[in-house]
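Every chain is named by a letter (A, B and C) in the order it is written, and numbering of its residues begins at 1.
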């Protein structure tokens, strides 16, 4: 068992009170598993992924815990997390490839990052060069400035850097989002390769794009309004989803082959509830075509069949 | 980089959406909580008030010889008298008045020029931008004070108004550059394109759509130009190039030093104007920092 | 009918325009009423530049755009205003389309002032409500709010409603749904598709092949400012001819199937996408590759001629 998250609650502090962006979420990721974390904007997927590595000052962990290889991660303690960050848990933040300092050569930038972790650049250089070659980048990218690299190359450099110390857990936040389809494919392939080569033990891939997860992930967690609503192997989520939200979401996705003239897709009416004052029962109830009186009580996460968890009264 | 940058997460969209419904109310909340802003504004406000009521509170004409020379502060001469027996308090409040006048006029002129040049260059772009940018950069490297001393030397008998106009005409380049940069980034936003697609004329887009988005920025710019004008004019007067008579804060200090107030221990002659200049400029600076914290959500602390 | 004839655009690089960077080169196609034409390209392909030129937000470098036979570049003052009565646009980022300082209604207020000054308050309000209802919005939900109080989907609908207030014939939709959530984006997509039933011509600019395929009658595939494949959507997607189109189609992540290998034995990442990005992507001194000729492979389907018909990787490097 590589990562085990139990009843995690993470909140943002605002003037109007705490916003529970992640509310009582439990799941585990096995060794060698790539888990997709899917959902729409504001559902808490990014907060969840980020909280496992860097809980910044605006966020607070209000409950629950996360065990990595049996050791509890000190999520709320920024300094104690330094022992884990980059070494055991690593994060590729959203937009990180656009956040590369334009005035630093790639090699210089990497040496500054590893030095801030008290590691000598010279010690890791041979391994760094080997890794770059492994993902198809020439080692002379180290002498280049970010502007000289394409988006896909920058994304791969960032991923090589974040996985340099063979972390147990890699959290990749929207790493394929701002990329062209051809580059998306290369980066997606790299996530799988990092796992196959044993560099990363388990991976959490956060994205709003389910079709990318179909390509790379072994299992998928679907979140809605801070709650985990469904967790299952990828093929099951796509082909036989049980939660009404997942079903409607998948039915609303246009795919090459579907045409308006032949088949008009439908979206989900309404919008997610405010997390400042979420509804008592099922959070999807007001948009759900199946909702009934029992949905006023929050449905528990139930394992319908092996590895397929659903939080819905109507699913069983 | 990947470890150390704070990134915006899409998940924060929901909370901020909720938290921003009353932006004006929130600004007041943060403004009143900001100690720098309150202190800075109080200092500048008190000095400004003293300048406004100067004609009523002053005991005498600032240049008039009203009593015995070199009197220390007392009940009859609030801040004592000068080497010549003039009332320091009357000179001080009048000097404050002159300083604020220079600040408002000089800062105002510079502000008008800076916004005109900045908005035009940023919105028009192309060749217009390049010409204006070149002009701005040339003026930027000329030190206002040095130029003022040279030009003032040719024109015998300068006045406060001349100083203000001169400062206004030469101190705008940095502000124009800053406004241009802000405009450039705002013009690329889609709402400007949409205004053009609605048939709105250019000047109206600049005034009605672009400027309101940088109102806080424009306000900060004006404050800095205002303080800058006061400082330059005070330096000019202090160096002895100002109009004759002890009417401004700078020339008060100039006379005090010329007549060895330091050696004669007539501290009440040079300390009040010095403190007043420091108060205005320092207060404006602190206000500026405070306002910046209020306007910029990233600098706010909960 | 809007026609693009040999449309080209170069951006000035360096001071005083010492270097020109081509963004769009000799692009020709037309947007017919009652049809959706999708303009598909990856980042840096010049697709948005074409949209901005049609909307007169960017000047044309050479070639021309004609609307009902009139050169759009010649329009000034009231003639340009009349052009905007017929041709409108919706942009990618719904939040950036609204001035954050003002309420969202301002986009309507501007139109009222500029185009409907002689309309009475009651008539204007009725017109506005009709238009909002046409895009599926309840006026009470959206009027008087700030943009940040509304969802991305609602904002994009507001922008479409704004365009519908005028007597538009052409709508340029530049990546309008790429920033929307999956559960609401298809509604906006259907709304755009529905516009063609009102006789409108829509230019749907996107990087997403599945969206283009879903919505459009005609497809234009653009790469680095050059048209590589153009024709009826069914033909371009059903029978792709250019190696670039094939590569794009093979790379699109799909819901129900996995990526197929591009070329046997060739790792995906050594493909053409490593070409450096951005406007300055063409190395200094390197000659510009010529604009390829378009060859008709079947009726209503044109494809750029490729040297020897080899894989894309060859002509990319």
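Just so we're on the same page, a contact is a pair of C-beta atoms (placed from the backbone, for glycine too) under 8 Å apart; a residue touches a chain by one contact, two chains touch by 3 or more.
Values in this document were obtained by computation on a predicted structure and should not be read as measured data.
What chain pair has the highest count of contacting C-beta pairs?
Per chain pair, the contact count peaks at A-C.
Which chain's mean C-alpha position is the greatest distance from chain C's?
Chain B.
At what distance in angstrom does the C-alpha mean of chain C lie from that of chain A?
31
Averaged over CA atoms, how far is the centre of chain A from the centre of chain B? Could you give it in whole Å?
49
For chain A, give me the residues that contact two or more of the other chains.
41, 208 - these are the residues of chain A that touch more than one other chain.
Where does chain C touch two or more other chains at once, residue-wise?
None at all.
Residues of chain B touching 2+ other chains?
Each of 16 in chain B touches at least two other chains.
State the interface residues of chain C toward chain A in the complex, per the touch definition above.
Answer in residue numbers: 42-43, 151, 153, 181-187, 189-190, 193, 207, 209-211, 213-215, 233, 237, 247-249, 251-256, 258-259, 267-278.
So in the complex, the part of chain C that touches chain B is made up of which residues?
On the chain C side, the touching residues are 15-16, 52, 55-57, 80-81, 84, 88-89, 91-93, 96-102, 107, 110-111, 114-115, 146, 148-149, 159, 162.
Quick one: which bits of chain B touch chain C in the complex? Just the residue numbers, please.
16-17, 20-21, 130, 189-191, 193-200, 209, 212-213, 215
Quick check: in the complex, which residue numbers of chain A touch chain C?
It comes out as residues 40-41, 135-136, 147-153, 156, 180-186, 188-190, 208-212, 214-215, 238-239, 248-250, 252-260, 264-268, 271.
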